[in-house]
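You will see chain A twice below: alongside chain B first, and alongside chain C after that.
Coming up: the complex of A and B.
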């Protein structure tokens, strides 16, 4: 399901299937996309931040088009205990690899991978903080 | 630190194209005349091959290479090096004036980050600015690359860095700020390109910056963000357009103007070292 911002319209709540993973897309060329994501985060239930939220930053291939500081995005990831993936959608290889990563994360979050749950993502984040 | 305004007046009010240059190997300050001669011969040779330049095949290109002793930041910086190409028509008399067709200068203002880490034989002048035909720029560039084993790259300026520049320069003290602070945005993903120009009265811009900046002489990313957010919010209130979703491509203040393609115009000699210091930093981060 794709949405330009949160909250999702309430009319369709009863038709909507369970949400296993929320991916927030930030375009590094658009400051507005970061502000939009920050505003939308307020509408996400706290339980999602146990490994069911992920940030994807696009457009990182062009250094000269940056409108957002990468530091600010990393801080956002830390604040919400969620992983940040950097990718460049214009390059097919990276696009495919990122899609595969997201798919694997979704499989874990939906409980399709035995022995691994979404909480593992949170503990992975913790460990790298302590380094 | 005192830059002689007479000598550097030629730098002002010209649009300079920016490049980053890797350190020059075995560049000797005492051999500038020799270098001028060698570069001149190189250009003449390229012309013979038919590889150069303009229709004026009648013109001889004279090369002058000089040192701008005052144009530097710290003692560690090498003094700037200026290369000038002038033409004199063969047809006219011997006493006719030389016509300056191209100039380029290498400089380093507080480039200690780079110069500290290079071996003895290297001269660090990471910033290269050119004014004149692109064909001359590539001739001069190729000669330097061959002779000193260095590498030139166009230095673009990201929207992030442009917003630093506009915040810094809009906040500068000036006796009379005559020109407006202008930001030009390019709107992406439209069938026809659209540019939005946002002009602000210089006193309003300075007043805004003064309320945002906490410590004089220091600027943080947060302060730049707040400054830009105020400008975006004001624009959105009036026009219902989110400038933060567009791409900042050019900024203009009374001190200097800068374009994201890597073109700079410095308007005020008082702030010349400050502008060059920022550009030197950008050049160094592109090299590293």
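Coming up: the complex of A and C.
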């Protein structure tokens, strides 16, 4: 399901299946996109932040066009205990690899991988410095 | 043949891309078909231009003919120049019969009585456009053929398009000659400039597809939204929002291609509004600021902003009014009454 922002339109509530993973796409060339994501985060139920949220930053290949600092995005990821993936959609190889990673994460979040749950992502996020 | 004329013709030919030289010489019509056959268009341009100059020598070309070649070049490569638009005004609404010979005579007469050393050349095109080339001199110097001004006048309209050389001081003289020759009594420069002459014409002649506000109770079918990806596994949650954006965009910009402008400039003379902490900037004087939008095709890029999610729809009327108001230079001042919005001044 693609949405431009949250909250999702309520008229489609009955047509929606269970949500297993929320991927926030941030275009590094657009400050507007970061603001939009930050505003939408407020509408996400806290339970999703146990491994069912992920940030994908696109457009990182074009270094000249970056409008957002990667620092800011990493801080966002830390604040919400969610992984941040960087990718460049214009390069097919990276596009495919990112899609495969997201798919793998989705499989875990949906409970399709025995022995691993979404909570594993949270523990993987912990920086060794933090201890 | 005058050496300066020879040099001018040589340099003009050198400007033309090699593949187009033959076509332009044919359009020029000064050299006969037989003479053109003798030219070798497969050698380097330097040699081609030398050969052309030799043929022009045989035909005794003068500056008048050379100027026509220059007009032809600039007519085809009109987008290399920056064009400004001027509007003429008549005192009465009576429609005068336009006589081209009379126009030329009066125009030449007016310019030459003010400035002896000018080269004036006319060329008419099928779309009722009259191209005028003016090379400027001084009372003591012959006209500089390398920095001429070009005027494009459609006789059935009050609009004139001028592309000036660097010598801007001649524009008032040019304007005077135009109103005298065309029987208008006033001329003013519009705040509209672009490289694309055709787009300027589209804007002032209202030839682009404008959108008239219509009330459509149900959403329009087909064609107005980008074709959805054929994959039915992808669900668009915000479909109605996307359709709203498309509808607003269509109302603002119309359906057809937009006229091609390269920039829009807004000169702000408004008071700086901020929170009290930045009081240092809250002086009583307006905060002067210049905002310039540039793009290879400004209006198309503005049109694609909202559908691309880069801006909220509806787009600010300050941007969408550009073709309707036929201007891309604006001055925005503070409105001095109850309403705190800014207004756009002429």
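Operating definition for what follows: the second predicted complex is superposed on the first by the 127 of 131 C-alpha atoms of A that agree within 3 Å, B and C clash if a C-alpha of one lies under 4 Å from a C-alpha of the other, contacts with A are read in each partner's own complex, and residues count from 1 in each chain.
Methods note: contacts are C-beta pairs under 8 Å (C-beta built on N, C-alpha and C of every residue); 3 or more make two chains touch, one makes a residue touch a chain.
Every value quoted in this text rests on a predicted model; they were computed, and no experiment measured them.
Legend: residue contacts after superposition of the two complexes on their common chain; A:96 is shown touching neither chain B nor chain C. Once the two complexes are laid over each other on the shared chain, residue contacts for A:32 go to chain B and to chain C alike. By the touch criterion defined above, A:124 lies against neither chain B nor chain C after alignment on the C-alpha atoms of chain A. Shared-chain residue A:8: touches chain C; no touch with chain B.
When both complexes are overlaid on chain A, the residue A:65 reaches chain B alone and has no touch with chain C.
Shared contact residues on chain A (touching chain B in one structure, chain C in the other): 30, 32-33. Note for the complex: chain C touches chain A at residues 234-238, 240-242, 309-311.
Residues 1-5, 8-9, 12, 15, 30, 32-33 of chain A touch chain C in their complex. Listing the residues of chain B that touch chain A in their complex gives 156-160, 163, 188, 221, 228, 232, 242, 244-248, 260. By the touch criterion given at the top, residues 29-33, 35, 63-69, 71-72 of chain A touch chain B in their complex.
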